[in-house]
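See the structures that follow.
Heads up, the next two complexes both have subunit A, just with different partners, subunit B and then subunit C.
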Partner chain A sequence: MAKLSDNFAGERLGGRGQQVFFDAADLGDAGAALTYPGAFAVDFNRHAEVDAAAMDARAVNIRIRELMADGVGAITVANPGAKHSLGVGILNRLNLAFAGSLGYFGCGLNDGPNVTVSGRVGWSFAENMMAGTAVVEKNAGSTFGAALRGGDLVCKGDAGGRTGIDMKGGTIIIGGRTGAFSGFMMQRGRLVVLGDAGKNLGDSMYDGVIYVGGKVAGLGVDCVATDMTDADVEWLARKLAIYNMDTAAAANMQKFTSGKQLWNYDNLEPAEKKLVL
Partner chain B sequence: MCGIAGLIHRGNKSDIGAELTAMLQALKHRGPDSTGFALYGDGGDGGGGRYVMRFKVAEQEDISKGFHIHEQMRRRRETVDARMAERGAAVVSAEQATEYAFRYVFTYDGEMKPLADYIEDIDGAEILSIGRSLELVKDLGDAGEIAGQYGLTGFTGTHAIGHTRMATESDVDIRSAHPYWAYPFNDIALVHNGQLTNYWNSRRALERRGHRFMSNCDSELIAVYLADALHRGGDLEEAMHRSVGELDGVFTYVVATGDKLGMAKDEMAAKPMVLYESDDFVALASEEVAIRSIFPREIETSDPYEGEVRVWQS
Partner chain C sequence: MPAEPKTPATREQEIGQHIGYRYDVNLLPDYARLTPFLKKYMEAMGWRDLNWLEDVHLGYEEGRPAVFDRNINGWVTVPAGIELPDNQQDRDMLARELLVKFQMSPKHPLVDLKKAYAKF
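Take a look at the complex of A and B:
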């Protein structure tokens, strides 16, 4: 296993590395850099419930922060009522459950929490998520996981258009169908769709991998079909098993990657790659 | 940005005035400039050749301008009355919602377009809707204010569509507010969220075929486009499918007729729409929070896909 210090010598890591796997325990003092300044020490055995019925988004988000500050590590938000921007900007370890549906921009900019949503989510759920997991039991709106940077994002139902647009890392799994322009300009990461994919799949993608189990309405510019490997099947089966999804689907997926005729990192200098990412 | 909403009860009636008011109030943040309702009830009293007409004789902002506006509005209304009588339209009842907005129930057995043209020829007069069941109300302000001003709570009917407008392409006035009536076709109204990029070319083509535009709002084009298709004998759903290919831009629109509710999304699905559908009720809106405003219980919702056209019967 690579050491963080081997890859980021002399550089303070403010977030989480996406391509380097490491155990924080191996890092010694450097491990402190993995936690945001002011992060709360929480106990996952301490649970609290927030009834959002009569609260606006700001009040709910402040209450979540107050509970984390108090050391609560498991929070259930009841009656979210499809309100927008709930559960955003959480840079902390936390088990966060929404009992109901969320509106737009739910759980964006998170780095660390494990989120579950028992209902549906609106547009741009988990946008820019950096680490952690987010699992949605029903459907999702468009731009699901836009600019995702890390972690696992799962929708067990159908997702709208532009799923994983501009994603820069992490994994998105859609249990059903996804709409047009999914994977548009994706730069890294894996997008897994067990159902059908809309037109212009992977349009202008720089890099990354898209797996589709159903029919593809059409490929976007510079998105090409690639042969599945045993490693792909094994990875898919393991990932799907984690979220209690159909592991048998792993053996019958199609794989798509960038043709690298339009945009690709191979034409960039190392310093330029860093700017892009 | 704008917010759009629609609902249809299949096989029964409900207080659609209160329901749509709640939905549009929940979408206020998407469009604070104006709010509009197209409600389908028993305005024409269920037959007997009766129509219901909503019209205005001034813009809201006109009231604060000019020394003679009140006298002008009075004269305009008298002229409307005279011209209707001249064409054989008999007013059964007349209500005044505001100083500039009126609701007439009338009987008429002639062709509607010449009558509508004759009324709109009056300077300052604009027909918002004519139909057997459609009543179109729109004004500046939020849904709660307008529903109170026009007495919409308690309006019983089968289906309705509405709009909260954030003005981007044209003025903040009643003329540019949604819904748009598909002039001069009875009972057809439309709301839209998006931008049409081939507006002027399409508008000129429709004007050459004799259609009138009351505003410079691109949304009006869709209403006129559908009116033109119906005028040429087309079917609503077929016309909606064709519109997805012929209208250029990003859009989601909701249209209603005397007994149908429909929605269409552009090929890129760039504008939002959330749908709740059951055997006896359908609701759709730009945001789920609007649908939640009339449902106390947990519900299943979904997003229609790119290029999708759906039509529901009441």
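Take a look at the complex of A and C:
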């Protein structure tokens, strides 16, 4: 083991991030928390059902929160009726099942829960999800997983256009086809499409990886084909197995990454623009 | 005579800023190197893999090893007393463990923000 100071003596980076130090006293395993401060202590073995038929979205979301506060760790929402914005903003460990379909912006801003949807979902499902899993058994609308930050997002059917637009981390898996501009402005993370991908795949992607099992209608600006590695195949097979998807597909995927020709922004740009003007 | 094209290194020197990442942001985790704490965390959350932590790597801030905490949008510097493993995979596992412990700590900056601004 090398000393910390030996390893990075040559690094000279300027950054503007906040400088916050770990408190060494907090780093021991004993008593280290596994959930956010203030998160509800829930038991996955305690189950409750919410019938959403006569409730509006706000009432359903409040009820989910009340059940978590009561220690319930597995919640089934029956008759969601394609209502919008259900199951959002949950910063807790939780198993949440929707028996039916969701409307727009379902399960957005979540950080931790494991969500299943037995039906379809509308636009922007799991937008800005930070962590956790979300599995949709049927099809998904456009901007599926928009601005995803982390976690696994799975659609076992087809997804609309702009899947994973502006994603900044995490994994999106589409079992069927995905529409045009999937991975648009992607910055990080992994987008896996087992079927075909529409036009302008990975347009203006800055980083991250896209895997496609079927045909690609066309690549977007600065999206380039790259060689698959053994690590890619192994990772894909493991990930697909977790969600009971076709693991054999892992060996026959195409891989796309950023060509990095759009990496031009720097802190001199405003000054340079001023000169031009 | 046309000007010679600038190399990334020249450009970095000119602007005083590194372009891109100092580490492989797409490096896939080696699950044989999971720490006991991370296994416990995955189990508690009901996940079969590292989930969001797959995107966490050990980075560097002003020459010091650090982990990027998206919740505060800033780098969190690793304490000086901690010895670093000699390979990126083990360093990343260490970074993941440190980040989880930091985020779940009652001393995390978001705890104060929540007290001040939480709506419910």
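Simple rule for what comes next: the second predicted complex is superposed on the first by the 226 of 277 C-alpha atoms of A that agree within 3 Å, B and C clash if a C-alpha of one lies under 4 Å from a C-alpha of the other, contacts with A are read in each partner's own complex, and residues count from 1 in each chain.
Convention: a contact is a pair of C-beta atoms (placed from the backbone, for glycine too) under 8 Å apart; a residue touches a chain by one contact, two chains touch by 3 or more.
Values in this document were obtained by computation on a predicted structure and should not be read as measured data.
Q: Based on the superposed arrangement, let me know which partner A:46 touches: subunit B (first), subunit C (second), both, or neither?
A: A:46: touches no partner chain.
Q: Residues of subunit A touched by subunit B versus by subunit C: which partner has the larger set?
A: C
Q: Report for A:141: first if it touches subunit B alone, second if subunit C alone, otherwise both or neither.
A: First partner only.
Q: Once chain A of both complexes is superposed, is A:170 in touch with subunit B (first), subunit C (second), both, or neither?
A: The second partner, subunit C, only.
Q: According to the stated criteria, A:132 is in contact with first (subunit B), second (subunit C), both, or neither; which is it?
A: second
Q: Once chain A of both complexes is superposed, is A:35 in touch with subunit B (first), subunit C (second), both, or neither?
A: Touch status of A:35: second partner only.
Q: Touching subunit C in the complex: which residues of subunit A?
A: Where subunit A meets subunit C, its residues are 1-5, 7-9, 11-15, 17-24, 26-27, 29, 32-38, 44, 93, 95, 112, 114, 130-133, 149-152, 169-171, 188-189, 207-209, 231-232, 234-235, 238-239, 242, 257, 260, 263, 266-268.
Q: Please output the residues of subunit C touching subunit A within their complex, sorted ascending.
A: Its residues touching subunit A are 11, 14-22, 25-26, 28, 31, 36-37, 40-41, 44-49, 51-55, 60-65, 68-70, 72-86, 98, 100-109, 111, 114.
Q: Sort out for me which residues of subunit A touch subunit B in the complex.
A: Touch residues, subunit A against subunit B: 81-84, 100-101, 103-104, 119-120, 122-123, 138-139, 141-142, 157-158, 160-162, 177, 179-181, 198-199.
Q: Quick check: in the complex, which residue numbers of subunit B touch subunit A?
A: That would be residues 267-270, 272, 274, 287-289, 291-292, 298, 300-303, 305-306 of subunit B.
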